[in-house]
Amino acid sequence: MSKYRHIQEEAYETNMQLPKLGLVLFTFGNVSAADRDLGVFAIKPSGVPYEDLTPDSMVIVDFDGNTVQGNLRPSSDTKTHAVLYKHWEKISGIVHTHSTYATSWAQAQRDIPIYGTTHADHNTVDIPCAPPMSDEMIQGNYEYETGFQIMNYLQEKGMSYEEVEMVLVGNHAPFTWGKTAKKAVYNSAVLEEVARMAYLTEQIRGDVPRLQDSLIKKHYERKHGPDSYYGQ
Amino acid sequence: MSKYRHIQEEAYETNMQLPKLGLVLFTFGNVSAADRDLGVFAIKPSGVPYEDLTPDSMVIVDFDGNTVQGNLRPSSDTKTHAVLYKHWEKISGIVHTHSTYATSWAQAQRDIPIYGTTHADHNTVDIPCAPPMSDEMIQGNYEYETGFQIMNYLQEKGMSYEEVEMVLVGNHAPFTWGKTAKKAVYNSAVLEEVARMAYLTEQIRGDVPRLQDSLIKKHYERKHGPDSYYGQ
Amino acid sequence: MSKYRHIQEEAYETNMQLPKLGLVLFTFGNVSAADRDLGVFAIKPSGVPYEDLTPDSMVIVDFDGNTVQGNLRPSSDTKTHAVLYKHWEKISGIVHTHSTYATSWAQAQRDIPIYGTTHADHNTVDIPCAPPMSDEMIQGNYEYETGFQIMNYLQEKGMSYEEVEMVLVGNHAPFTWGKTAKKAVYNSAVLEEVARMAYLTEQIRGDVPRLQDSLIKKHYERKHGPDSYYGQ
Amino acid sequence: MSKYRHIQEEAYETNMQLPKLGLVLFTFGNVSAADRDLGVFAIKPSGVPYEDLTPDSMVIVDFDGNTVQGNLRPSSDTKTHAVLYKHWEKISGIVHTHSTYATSWAQAQRDIPIYGTTHADHNTVDIPCAPPMSDEMIQGNYEYETGFQIMNYLQEKGMSYEEVEMVLVGNHAPFTWGKTAKKAVYNSAVLEEVARMAYLTEQIRGDVPRLQDSLIKKHYERKHGPDSYYGQ
């Protein structure tokens, strides 16, 4: 049996969660699962419908984006995954979708403002929307540059990838990550719901105030702080 | 068999209704069922996915918030439930969700105006939205204070918890209650639908008039009055 | 076997369509099926959840609203159904729901403008919204008066119940009807979709023009005219 | 066995995809599949509910709109399909639906602006909305003229049917096409999602900028260009 079997199964199972959670139409999304010791990740093959996926079909790729094992072509977003794994040493799962509400915020090129505790349970900041890339980056090694666009924007905002596990790429769509592929999928579903609620909140009231700092701090710390006790 | 088995089963069955009714994503909600003679309630354990719940996993807690039976930690909202049971002697069920539309109204910090008979069948008043809590309350015993914030706001508005069985907590999300856990779940689903319709109504017409008093009275009394005859 | 069995079965089957079509939450709706020769209709019992309905549980009521057979109380909207059957001799099915979009238009007290051929396939006119009833009508025999409010408004607008098989009751919700209960259910689903599209159309463009007359005429006649040939 | 069996099965299977993808209510849609060598297409019969369809019930029609085989009447939109097949020699599948968001844009008589890469993956241009037809065209051979309205508008805009495989007909609804019926159904689902996202994007931000040219070019070419490598 392949020494990559465990991440192939992890990638398979988490990819199959995307349609169940209503986050993808057809093949508009992909999940990868990494084994950092082996220095590789398993990712969805390109253009294969979810119902035809199997663990074996997951392609093994190294952190420079080279295919290590697999007969199928890896997802066209593979280089973006590779760049993030290479530079962010504590993540082992990445998800990319075109989920409806998060993508609409990305198309509007707006950060998602923090309006309530559902958001604060997962992030202390507005969910960042990286600006659209420059013509040079797009015409160059596009998917590779997408990874750098994400990293640079988080750095510019002073955000740590360990704290903020989700981003919108302007005009494109969301990326999320985490310590496991499962956590990254969880983050994608949370992001979509937070995006939907923020949209509705602004429709219900034109001048919504940002969440007060004490509530942001309380909710985030009860879930993530050293004395965390959260769980509904 | 445990003497708490009946409320564990009731709490289990009503918790399982939340995902079926589309009111929760992942574990973003909880139901409790009380036995007032025994002075305790059964509540969802913290952070356990709905598909892994069993009646046995429901935690037994007294009205001061102390765990009486159970190996798992009770929901992080347990103290809010405890406060409400302690002070409102005629309720035996409480539900907390982050359902999409009700939560969006809470984030907008607005009462839900009474625009039609679907609302009036269940409430004669706008659904109250308690203001966000003060920094002091948040930094203190947060979940405990949330219960008081709810009680104080209903009192300030001159509303009885026996008449108005639902509230939004500003910036947070809805709580509902009732004489049974089943009724409290019913109230959560009704609130979500009323919140959705009020949102759409304001989108369709900028200056919607409030429902006329005679219609509020008629609909509420045909369902709840001494000569009630309602049922569709 | 009861001589009413055929309409009980018809009412049962059409009532069961409402949750399948997403038109009702809990028991917020009802269908009746009439036998005009026998001068009675079968209608959903009051307050019984859809999953507990059986053909036997359908209550038989005459066109004056008197229960002829059945142990359960008929739907609280029964008198509205009775009034319409009594005065509109060519209908044998009536549906009342609180479906989300149609009810939101009713709450906004607006006719649904004719913006496209989906609407024109079923109606040549804006879908009428009867104004909220007067305090006197509400405080009197409310459900009975609701029937008259509907009939009077159609008459005032110069509309025939044989041409226009749907109406909104202002601040309340939609009623639809037809030559059969099945057709009335079909009309309820069409109304909900037309209401949803009209809402979205106005959001997409602030000053939507009404559909041109030639297109209204063409679409309606290809479906309903003497030389009808429609069917997608 | 009929020599048309292969396109009957193809038309049957693709028609059955429409309700599964949430693109139709009742019979509000139709798919056809052509065999260009035989010079005919198989299309849904008129007014038959999806659950009653069989491969045998698909009607065989030639490119002038004459029925070649079948006891049922073909879809009322058949002449529109025939005109498009006759003039566009490289398509073998056509879909017409009244899907909610695409139809709402058609009712608003607006092209769908290109706001993101989900759109750009499939089209380099705004999705065209042909203006409502003239009274003369409507009163004449309506469905036949609908085909010409679509063709003329694409020509006027300088668009090739091989590049742009989808259109809105003003006040009516979308048509899509492709080299196979399956591809045409795929296009219908993509169009509906792109329409939904464009609507949400404009709600989230009043002055959304159009997608930059370099990103349009990149996304379209990675999927459709000579060196295409796309697949998520």
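Residue numbering begins at 1 within each chain, and the chains themselves are lettered A, B, C and D in the order written.
In the analysis below, contacts are C-beta pairs under 8 Å (C-beta built on N, C-alpha and C of every residue); 3 or more make two chains touch, one makes a residue touch a chain.
According to UniProt, the chain labels map to these proteins: A, B, C, D = L-ribulose-5-phosphate 4-epimerase.
Worth saying up front: this structure is predicted, and the values here are computed from it rather than measured.
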Chain whose Cα centroid lies at the greatest distance from that of chain D: B
Length of the line joining the C-alpha centres of chain A and chain C, rounded to whole Å: 46
Gap in Å, rounded to a whole number, between the CA centres of chain C and chain B: 33
In chain B, residues with contacts to at least two other chains: 203
Every chain pair in contact, whichever chains are involved: A-B, A-D, B-C, C-D
Chain C - residues contacting chain B, complex: 25-30, 44-48, 73, 75-77, 96, 98, 100-101, 103-110, 132-133, 135, 138-139, 142, 171-173, 199, 202-203
Residue ranges of chain A in contact with chain B within the complex: 115-118, 186, 189-190, 193, 196-198, 200-201, 203-205, 208-209, 211-212, 214-215, 218, 222, 229-232
